[in-house]
Each structure stands twice: as C-alpha cells, then as structure tokens.
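Next come two complexes, and both contain subunit A; in the first it sits with subunit B, in the second with subunit C.
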Partner chain A sequence: MLDNHPTLSHVVGRAGWYLVTFLVAISINFFLPRLGDANPVDTIMAKVTDGLDAASAKAKEEAYLREFNLVEVDDAGKVKRDARGKPVRTSLGRQFINYLGMSVRGDLGSSILQHPKRVTAIIKAALPWTLALQLPTIVFGWLIGNGLGALAAYKRGVFDKLMYPLALLASAIPAFCFGMLLVYVFGIRLEWFPAVGGYDDGLTPELSIAFLRSASYYYVLPFLSVFLIVVGGQAIGMRSMCIYELGTDYVKYAKLLGIEESKILLYMFRNAMLPQLTGLALALGTMVGGALIAEMIFSYPGLGMAVLTAIQGNDYPLISGCTLLVTVSVLCANFSVDVLVGFLDPRIRAARQRSK
Partner chain B sequence: MRLLKNLFKSPFFVFGMSLFVLTLSVALLGPLFLNLDVNNRAGLAYMAPSARHWLGTDHMGVDMISMLVSGLRSSLYVGFLAGSVATTLGTLIGLYGGYKGGLIDDVLTVGTNLFLVIPSLIVLILLSASIDDGRSLTLIALIIGCTTWTWSARAVRAQAASLRNRDHVALARINGYGTLGIVFVHIMPYLLSYIFMVFILQMAAGILSEASLSMLGLGPYDSVSLGKILNDAKTNEALTDGAWWAFVPAMVLITTVVFSLYIINTSLEGVFNPRLRK
Partner chain C sequence: MLLSLMACRPNPLERDDKTSGFPRAETFYLGGRQWGEPSTFNPLGPSVWPISTMNLLYETLLLYNSLDGTMQPLLAESYAVHDDSIEVTLNPAARWNDGKPVSAWDVTFTFGLGQKYKSLNIAPIWQYLLSVRAYDQDGHEAPRPTSDDAYPRRVVFALNPAKKNPLVVLDALQAQLILPRHALEPLFAERGNDLDEFKKLKFEHDTVSSGPYRLFSSSSEKVAVVRDDGYWGNQALHGGKKPAPKYIVHPLYKSNDAFSVALRQGRLDISTTFVPRIWLKADKGVRSWFDRQPYFLSSSIPMLLVNHKRVPLMDVHLRRAMAFAIDYKDIRELSVSGYSEPLRPGIILPFGLERRFFSEEDAQKYGTWFDPERAKAELRAGGYEPAFGPNGELLETRDRDGKKLPTLYIKSPTGWTDWESIVRVVVRSLRAAGIDVRERFVDTSLFWNALYEADFDLIMHTPSTQPSPSKPWSRFEALLTTRDFAPPGQRMYKNIGRFNDPHAPGYLPRIDELLALIPTLTDDDALVSAYHELNALFMQEQPDLPLVYRPDTFYEFSIKHWSNLPSSKNPYLPPLIPGDRLGTNMLWSITPVTAASN
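This part shows the complex of A and B:
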C-alpha cells in the first residue's frame, strides 16, 4: 500500500530511523552519568546525615535508595534484603529497564538539589521560556539569514563585500560571548534593558498585560544574542549555495531563453533552499546548545539555567532529565524538517518510485 | 607550489592566516618575553589596566595578561588536539565507508547520522559531569574530539564515494591492492585539501566546545582556558562591577581565533573549488 505513496513511505521510514536514534539517545542519557561512581543517594546522604544517629541515618538512606529505584522491592512493597540484612541493589540492566518505563510515562524522578520536587515539575516551569526564546530565534534567523545570503550571492559587489565578512564574524562569535557583551553594554552601562532574569520581581508568570510587557522587555537582549549569530551562519551557507546554483546549466539556459530575472531567482532560491533546510536540521543541535549557554548569561529562567544549577549541585536526575528533553526536542525538530523535505523535494519522490 | 601561490593571491587567505599566526605566536612566544604568573596575586581584585598590569587584574588579583596568554595556549592546544582526533576519526570512518559501500557503509552511515542528530554538547555535558575529578585539559580535548567527529565523517564519506568508481581506483583493484592500500594511496591523496579544510573547522569547533563546557563550570581543573576566564568573570560579578578588562579581551581572543580559522576555511574553499571564485 505504501508503495503508491512515496512521500508517506519516506515519512514512515524516517520515523523508524528516529525511533532507533531515540533509543540510542536515551541509553546514552542513562549510562553516561553512571560511568563514574557518583550515586545520587550518596550525594544526598552527605548533605543530610549531619546530626543524625546511625539508625535513623540508615533508615533515611533506605528511603532514598527506594525513591531512586536503586534497590529491589518485593510485591508487598518492602525492600528485599540479603542474608546479612543489607538491601539488595538493583542491577544496572534492571535499572535501565525501569528508567525506560518511567521516562516513557513522563516520570523523570525527583531532583536532588531541590529534593522532594519532581524533575518534570522543574522542567515544566523552565520549558516555556526556552521554547519562547529559541523557536522564534531559529526560525526567523533562518529565514532572514537565507534571504540575506541569496541577495549577497545575486548582487555581489559592495553589498556582498560588506555582508560576507560581517556574517563570518557574527558566526564566529560564541553566543555566550555576545550575550555577555550585550549584558555589559546595554544592561549595565547604558541601562536600556534589564541585565538578568526573565521578568520583574514581584510579578508571577501568568497571562496578564503587566507580566507580558515586563517579559518582552527582558526578552530583547537574550533574543539578540542568539539571533544575529544564526543569521550570520545561515547567510554564509545560503550565499555559497546560491553562487553554486548561479553557475549551473539550468540557470545559464534560462538566461539564454530570456526568462525574467525574478523568475530565475525564484527557481534558484527553491533549489538552494532544500540543502539549507537539511543543513538547518544538522546544525540544530549545535544551535540549541549554544542558545542554552547564552540563556545562562542572562539568568533567563529557562532550561539553560536549570542545567547550570543542576551541574553545579551534582543533581544527576535533573541533569539527565534536561539533557533527555533537549535531545528529544532536537530529534522531533529534525523529524519535522525531514518530513517537510520529503514533501518539498521531488527527488525523494522520484527515488522512491524508481526503487519500487 | 602552484597551489601555495594561488593561496597567497587570495586576500582572504592572507588576512586569515596572518591573524591566526599572530595569535599562535602570542601563545608560543608570549611566555618567553613576558613574566607569566597565574598562581600568585599581583595586586588587588579587579584593578584597572595600568602601566604595571596592562590589562588589570582578575577577581583574585592575578595579572590579566598572564591569564590571557595561558588561556590562549590552552584553547589552541584543545583546538589542535580535539581537531586532530575528530579529523582522524572522521576521515578514517568516512574514507572506509565511502570506498567500501554496501552493508558496512550503511552501518557506518547510520551510526554517523545518529550521533550527528544527538546534540554533541549534551553528550559532552553528560560525559564531563560523570568524570568529576581528573578532568584535565587533555582529557577534555580528547572527549571533544570523540564527540564532534561526526560531520567530518559525513563530509569525507560523500567525497570518497564519488571517487569510488574512478578508473584509477578500478585499475588499482585489478592490480591487487587491498582495501587499505586503495583508500590511503589512491583515494586519500585526492581528498587531502578537503581533509585539511575539515581539520580547520574541527579545530574551531573544538575551541568553541571547550569554551562552552567551561562556561557550564565543566572546564579543566588543571589549566586556565579562555572559557574559564569568562566563566570566572561572570560568576564573580565582573559584569556588574564594570571590570570590562576581565572578560572583553578573552572574548576578543576567542572570536579572533575562531574568525581567523573560518576565514582560512572559506578562502581555501574558494581556491580549491574554482566554481565559487569570480
């Protein structure tokens, strides 16, 4: 049945591939933090054992071991013990299966640093900020960057000579460096914009005019810190793509036929767009990573800040919760781009039909 | 030789190369001429630039010039090491898969694409966070090299695959060359310029990755790096104290190094790929 729908079978094929990628990503997420000896319970215990006697410390440790799924529990809900009365530790493989089940159900465990709080609750509070910041930056940055790049390739001359080095420079600045500079110049020296945070003190995140006004005021600098860099990077890619297209036979032929210039440009743009879309998918991971670090500079209440505090406090459940979420979002974004390319690119349809 | 002559005709290349050589010589020759000391206080915290301390002091009162030159050395070292590891890994995997084709190529391509999609910064964070002590500069560089090789493998594979069906490769095969012989003697030489470009970009990626890790507080414990200087400045209120000398020079250095590498790369592209010239 799928054979008659080349685009659909492309989508199904990609979905299968991304499922495999997801499994690898989640395994990395589980096993890498467990390479060392660090154990969340030891980290908490080091903090809470002060002033406790041996018996209550032991009881507390067991409670934590249970909470982090590190010990076997029998059907009655009691911790299993070995001959010497010590709790039986769950094997790493078993832990992994538990972790998979929990993650799929959307349960990422509890944070160590902000202890009884669930990781999902922390992420839920941070995620809207990161999405609101990164989605528009990347989408608009991509659009404007590509427009500028195509224009530079087509016009050449002074515009290109000026734009190209500037775009190269912009793409060479790490987002966090640029962010620091913006904070220093516009936040602290000139005091045009607030330097750190996401909204005024005393407001609570809600859908009110006062809150939105304050939040958009705080939005400007973090947005700029990533936006200009994305524009620069995309413009460079699109420029060389278009210069390449300008030299192809179909453009020359179209020119000889006397087809209107604007029409040729449109053809060219369409052809150069596809590799740029795939390029966006591949660069997405780097972009998101850079933007997360830029968020930290502004103490923006998003995921970047959550990762930073988690790393500083050795909060492993929170670190791996955030990294898992970022990875899954990047995978989803990639999948959407792939599906989009499947619809836009006639070659994919043709290849599927040929291989049938 | 012709190639070199062509390269030096390109103003972009000359500009990028001089910029890079300049930073490299500051890093290499700096310690010979300057009295660098990053372990002892030379004055009070955040002293403004003066004749004695050209770029002032940092939050501990250490001379900023010493910090910057040492940081630049570390960053370039990470760039070279991470870039070499990533380029070697990527080239080997890309060349082998691209030439072999078939199942091996499929497996290698799926593996490469897999790690291309998973953000490398995330893997870096997870790895660095799990090795809490013993995070030396060399170890960090090696980890970066092992996580950023993917796109060079992808790029080299595409090039190698396009060479696979050339006549001279077929001749070599008939003459009994083994896979490795063909890959290294008959395919790699054609891609050397390309691999060099990949190395330049991998170096830039290595320097940026180290700086990002340091900003997250996952930097090396045993050396000063440009990223660590920036992180220290940020965490110790250099921004609010108005101590621009504690972060602006480090920022300029990172950007200059990465910018010069990007410029070298694009100028090489222009020389090696005549289609982009004009």
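This part shows the complex of A and C:
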C-alpha cells in the first residue's frame, strides 16, 4: 500500500529505524553508568561517616542501599550479604526491567544524591534556563552565522578577508577560555556585567519587570560566550559550502542567463544550507544536555551541571533521566530533519522516484 | 538585541536595593556550605545537603567555643560533668516556635531516636551511654510527658562504665540538634514508626523548630531563611536584641571561583570556600581571620595515610625516611597559598587550645621534619639502597635482600586541585630521597571505596576535622584505634591504614590503653603527660604522614555591607559562618554598613 506513497513510506521507514536506535540508546544509557566499580552510596557515605563507628556506618550504608533498591533484600527486610560480607547488589537485569517498566509509565524515579527529590522535578526546574540560554544562541547563531558565511563567500574582497579570520578565531577559541575571558574583562575588571548567577541574588524567579530585567542583564555574558562561537563555526562552514556552490555549473549557467544576483544567491543558499540544516538539528537535539561550560563559568542555572554532578556521584536515576531526555530530543530533531530534507531536497525526492 | 540587554543594567546607585525581594541592608549572604539544591529539610533526612541552614532552624543544647574551650549555653542553660554521668539543665525560657516549651522530653526523644534507629548520626553515641533520662526539679525521674505546665528541664546522660568517655558525649551535646517531640512523635506514629517513611517528609512548611530563623524559600539558585521575631533566645540570651539580618541567603553557585568573585564584588558577605591568594583581594574589602599569613585558623591535618598491610610500608624505617624526606615548606607555600602554620612533628596542633599538650622536647627527640640527610640515614638503617641515574633521577631502590621495591602510588581524588598539588610536591620530595613513589589520581566515587577498604599504598585524607571538646583525642582515635579492626577489603572508618593490628606480632597495647585512658582523666597533669606519651608514640612509629595544617572550614568575609564580623583582631567568636555552630551568634553583633559610610 505504501508503494503508492513514496513520502509516507520514507517516513515510516525512518521511524522504524529511529525506534531501534532509541531502544539501543536507552539500553546504553542504562548500562554504561552502572558498569564501573563505583557506587553512589560510597559518595554519600563519605560525607556522613565522620565520627561513626563501624556498626552505625554499616547500618547507615544498608539503609541507603535499601532505599535506592541497589541490593537484594531477604524476606525479613535484611540486606543479603555474600561470603565476604559485602552486600549483594541487585542484578543489572532486574534493575533494567524495573527501569523500563518505570520509564514506560513516565516515572523517572527519584534522584539518589538529592533523595527524595523526583528526577522530573529536577529536570523541570533546570530545563527552562537551559532552553533560554541554548535555543536563542543556537537559532540566532545559526541564522547569523550562515548569513555572514554566504555573504562572505559571495562578496569576497575586504569583507571576506575581515570576516573569515574573525570567524576562524571565534570558532577556534575553546568555550571555557572565551567564557573566562568574558568574566574577567566584563565581569571583574570593568564590572559592566555580573560575573556569576542567573539573576540578582535579591530576587526570586517570578513574572515581574524587575526579575525579567535582572535576568536579561545577567543573560548577556553567558549568551555571548556561546553565541559568538556558534556564529563563527557556522560562518566558516557556510562560507566553504557556498564557495563550492559558486563553482558549480548551475550557478555559472544562471549567471550567463543573466538572472538576478539576489535570486542566484537564494538558489545557492538553499543548496548550501542542506548540510547546515542537519547540523542545526543535531545542535537543537543535544542542547537539552545543557551548556555545561557556560553554566560552570557563570554559575548559570541549567541542566548541564545537574548532569555533571549526577555522573560524578553515580546518581543513576538522574543520569538515566537526563540522557533519556537528550536521546529523545536528538532523535526527534534528526527525525524532523530527515523528513524535512526529504521534502526540501529535490535530489532525495528524485532518487526515491527513480528507485521505485 | 544586545543593546537592549545592555539597557537592563541597573543604575549602579540603585543596583542593590531597588525592586529587590531581599533588601540588601537587611540581608546577609553566606556561601560555601551548600553545593546543590536541598532535597529535603527533614532534620533526619537522608540528604546531607541542608546543613547550612539547619542550625538556624534547630538548636543544639550547647555551643562549643574553639577559641577558649568553653561551652556556651543555648537550649541548655548549664551542664555538669559527674563521674558517671553528665547532667544538663534546660533554659526555662526555651520555646518551640509554636509556643510550647523545650523540655527534657524533647532531649530524651531526640537521643532516643539514635537508640532505636541505628542508621542515624546520633546512633553511635549510644555505645558510650547507658541511658538518657528526664528529671524534674525535685530530682524525681519524669519519664512520661504529662502537661506543658509542669515539664522537666533536667536531663541526665548516664555514661557506660565499660566505655567511659565523657568527651564524645560532650561532642554530641554541642552537635546534636534537639527536635520537637510533640511535633515529630505523631508523625512517626502515623507511619508505623518506619524511619524510611518518615524521611520522605520534606518539612518545607510550618515546621516546628526552636531557632532564630525559619525557612523562607529554597530553589536551585538559593536557599533563604527569614528571621523569627518571636525567637525565645532574643530575650533570654541576647538581652532583648534581635539578629540584625532579616534574611539570610545562601546562593548556590557552582564553583569555588564563583563564590570568590561574588565575595570580591560584595554580593556575598561571608564564605567558607577556598579562596586562593586572599591577600590580593584585600583591596576589594575581602578579609580573613588573620590579615597576614597564615590567614586562617587551622584545626585539622591533611595527611598521607599509609597502608600497614602492604610491603614495604610496614617498615618504620621507611615511614620515618618518608617523613624526613618531604619538603613541608613547599607544600605550605605552593599548595595551600601559605594558609598554614609551619608543620611540627606529631598530630597535636602546636598552637591554639592544643598547644598545652604539645611537647617541644619530645618533638626534638622523636619527631621528623624536612631533612634529606636524616631521610638517607633512615633508609640506610632499614637497609634500602636507592640507585640514581646520571641526572639525579631515581632508577630503583633495593631492600636489604637485594629485592627491588615496588613503585608505591599515592591516591587522591582527581580534580581536588589543592590535594593534587600537595601530592605532586610529596612525589618530587620522595623520589629525590630515593623512594619510588608516583601519583595516582582517581575518580572521586572510586576514591572513597579505596579509602575505606584500604585499597591503596598511600592515600590523602584528613581525619576528624571539626574542632570539638574531644580534640585532640578524637584525632588520635581516628588514626590509631584498633577497635573493629578489619583486614583490607572490609571497611574501616577509623585507623584506615590498619596500623597496630592487635592480632599481629609487634602489637603495641599501650596505644589502645592511652586512647581509653585519656577521656577519663580529670587531673590536668596526668592528661598532659598522657598526651605527651601518645604523641611521642605517634612520632616514633610515624604510622601516617601529616603534611600541613588546615582550617576545618575556611572563613573569609566582605566588609562592604556588614561590619563587626569576628576576626583575630575582634575575636569575640571563633571563625565560623552563621548557621555553623557558634558562628550563628555573630548575627546579634554585626551591623549593616550604612549607605552614608559606604
């Protein structure tokens, strides 16, 4: 039946592959953090054992292990121990089944290090900040970067000579270096902008003029630290794509036909944009992972730091929750691009028509 | 768009107070105690996060002053140490914020939780206690709560004669927050007395507590508490004064650097984070306890723990050679920004309250210090022969049987930059002396397991850091006790290096005897000589390698918005931030810097 609807069959085919990718990804997300020797309870225990004697420390450790379902418990509610006296850890298989069951129900569990806080609550609090920082930087950075790149390729001359090295510089500076430079110059030396935080310490997040004003003011440096790098990278990519397109037959032909310059530019842009579009989708997909470096340098609220501390402390449920979010958004973004490109790119359309 | 954002910059003159939810002149910002959003405010909660605010909400019986060794009254107006018990009398004015009096039953309830639930922090104290009982003013035992009109105010902590140790009980009296029995008991009962269920309560609203502040708000960016103007202690303890700040806010920055920058900009009033080279920030109004080296008041000793179950580390000659080989001055100057007094032998601090237990004579006689020649002499005495290459680099070391010694590794958590730097100095020193040592930085989560299960040759650790009535005894106990001795692979939380195995030849029973004896001594001369003997044994055996002194918590503050904070020139309180034990008391003494004098 699908044979008569090539686009639909394309979409369904892709969807199938994405489903498989999704299953593999969440399995990896689940198993990878649990493969090591480390155990989240060790991290917690380290902070609370000063002054404890062996018996209390053992009781405390067991209480944590039980609470987080990391060990086998016998019928009397006692932690099972092996011959060496070590607690028997719940098998990974059983943990995985629990995890799948909970995930299907939309329950991401509660964090270990921030127990009893729900993983969903942590994500919900951090995600708006991450999106507010990442979405505009990526979208505007992509648009402006590509615009500049195309322009530079087409105009050449002084504009290109100036723009290209600057873009190269911007894209080559490590993000942490650039962020620290911004903090030092504008935050500490000149004191034009605040060096740390997401809004004034004296405020609480709310929909008020004062808060939005403060949040915008605090937004400038973190935004710039990511934005300029995105612009630089995109501009370089677009510039070389466009230079390639400029040399192609259809552009030469169009020029010979005397077609308007702006029209040629538009054709060229459409073709050069396709690989850039995939890049955009990937960036949008991974953005929910947070701008870790900007968050760390500016102490900016967001998911990146949550993920980092979760990984450092082996906070399995929080790691799984965050990676699930990243997985889903990367796959969704890629899927949309796949579908979109299918519509936008005449070559792909044509290829499908031919292969029928 | 950027231009429009620039316009959002507040006018510098109005930057602080205008439109602010927390007026700057009434808000005290503190930092460094809290590194993530508190997940619960349950006083028995599973999380260790909300320490920073807990002491502002709940109160201890007593407060320990680490400057003069006294116990200051809080919920308890007085205490007395008897031969077989410690007796505490509560302040008759002490009230919970719902108006009910703080009674002896609250104390017996709180300590009783530790008897019932072994996983609580208060549980270990019960090995030193027989009972905690409430008595009324006439000396009759008052075991059952009757009414609020006649409530008992005396609590007797009966010491366990088999493990007599008033020191650890005093530690507990100044550390344990007293909880409201009348509010918590019903909550426990509703949950079938199941601790795990009880811990799920978050205590975010309408919490019954006795302290001077109440929880105001908590988010991933900050925790804030607000002053309780009806606080009982204002009249009873502070002459009718209220704490100066209406709000206390702990911003949750994500790195040490962020706290440093905020302190420098006056956004933070006090912090316990590590601020490198603090003298460079003095012109920005940042101060520490001392205004010159060592800047901070040290109370703990970061050291290298030695695994006594590994060859060749059980050899005292090798350990002493290491102790003579390490360049402690380099550690002090290069690794910790000079924030330490010069290191002296042993593990008694040669300054402050512990100085009276420190013996200069023993230090000269038995101690170790940086002296490469003596390091070589110790190596020779142990029969070790290092071989060096043409450029002075260590090739190998052989023992007296001609066997090559294995490379020893020092474990330390990756990313703990001050420790990494210390370890590098140690490695350089030891290799120069002819001991084959290398650094091994491991992931933090793996580090703890390696530590407690003794999976290391040498490892960085700071034992028993907090200044408390039991110092320096608890530091010795943390390093030397053979109680609960377990082989590597099983966990030990004290004597992690497995020194002085009681089942092995060469066991030194005198160390355990002294550890049991010291807490019971009341005669000062006997106490001093017991400490001399124990410290001399440490120097002779050198079971571990102390490296530098360090404060339990750092203490630095800004003079931009608040004045009269304690410092060495104005030492009315020890260097602790508000919310941390006695540090809370500064809130009644500090004053806002007015706009005119700014």
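Here, the second predicted complex is superposed on the first by the 279 of 356 C-alpha atoms of A that agree within 3 Å, B and C clash if a C-alpha of one lies under 4 Å from a C-alpha of the other, contacts with A are read in each partner's own complex, and residues count from 1 in each chain.
Quick note on the criterion: a residue touches a chain if its C-beta (ideal position, glycine included) is under 8 Å from a C-beta of that chain, and two chains touch if they have at least 3 such contacts.
Just so we're clear, the structure is a prediction, and the values are computed from it rather than from any experiment.
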item	value
Which of subunit B and subunit C A:Cys177 touches, first, second, both or neither	first
Which of subunit B and subunit C A:Met296 touches, first, second, both or neither	both
First (subunit B), second (subunit C), both or neither touched by A:Thr120	neither
Partner chain in contact with A:Gln312 - subunit B first, subunit C second, else both or neither	both
First (subunit B), second (subunit C), both or neither touched by A:Ala195	both
Which of subunit B and subunit C A:Thr278 touches, first, second, both or neither	neither
Partner chain in contact with A:Leu168 - subunit B first, subunit C second, else both or neither	first
Which partner, subunit B or subunit C, touches more subunit A residues	C
Touched partner set for A:Gln95, first subunit B, second subunit C, both or neither	neither
Touching partner for A:Ala210 - first (subunit B), second (subunit C), both, neither	second
Touching both subunit B and subunit C, residues of subunit A	36, 38, 183, 187-188, 195, 296-297, 312, 314
Subunit B to subunit A touching residues, read off their complex	110, 114, 116-123, 125-127, 129-132, 151, 204, 208, 211-212, 215-218, 230, 233-234, 239-240, 242, 244, 247-248, 251, 254-255, 258-259, 261-263, 266, 269, 275-276
Partner subunit C, residues of subunit A touching it in the complex	36-40, 42-60, 62-64, 66-67, 84-85, 111, 113-117, 122, 125-126, 140, 183, 187-188, 191-205, 209-210, 213-214, 216-217, 219-220, 223-224, 295-299, 301, 305, 309, 312-314
Residue ranges of subunit C in contact with subunit A within the complex	1-2, 5-6, 8-10, 16, 18-24, 27, 29, 36-37, 39-40, 46-49, 118-121, 123-124, 127, 171, 195-196, 199-200, 202, 217, 219-222, 249, 251, 253-255, 258, 261-262, 264-265, 267, 443-446, 448-449, 451-452, 464-466, 474, 483-484, 486, 489-494
Of all residues in subunit A, those that touch subunit B in their complex	17, 20-21, 24-25, 28-29, 32-36, 38, 168-169, 171-174, 176-177, 180-181, 183-184, 187-189, 195, 236, 240, 243-244, 247, 281-282, 284-286, 288-290, 292-293, 296-297, 307-308, 311-312, 314, 316, 319-320, 323, 326-327, 330-331, 334
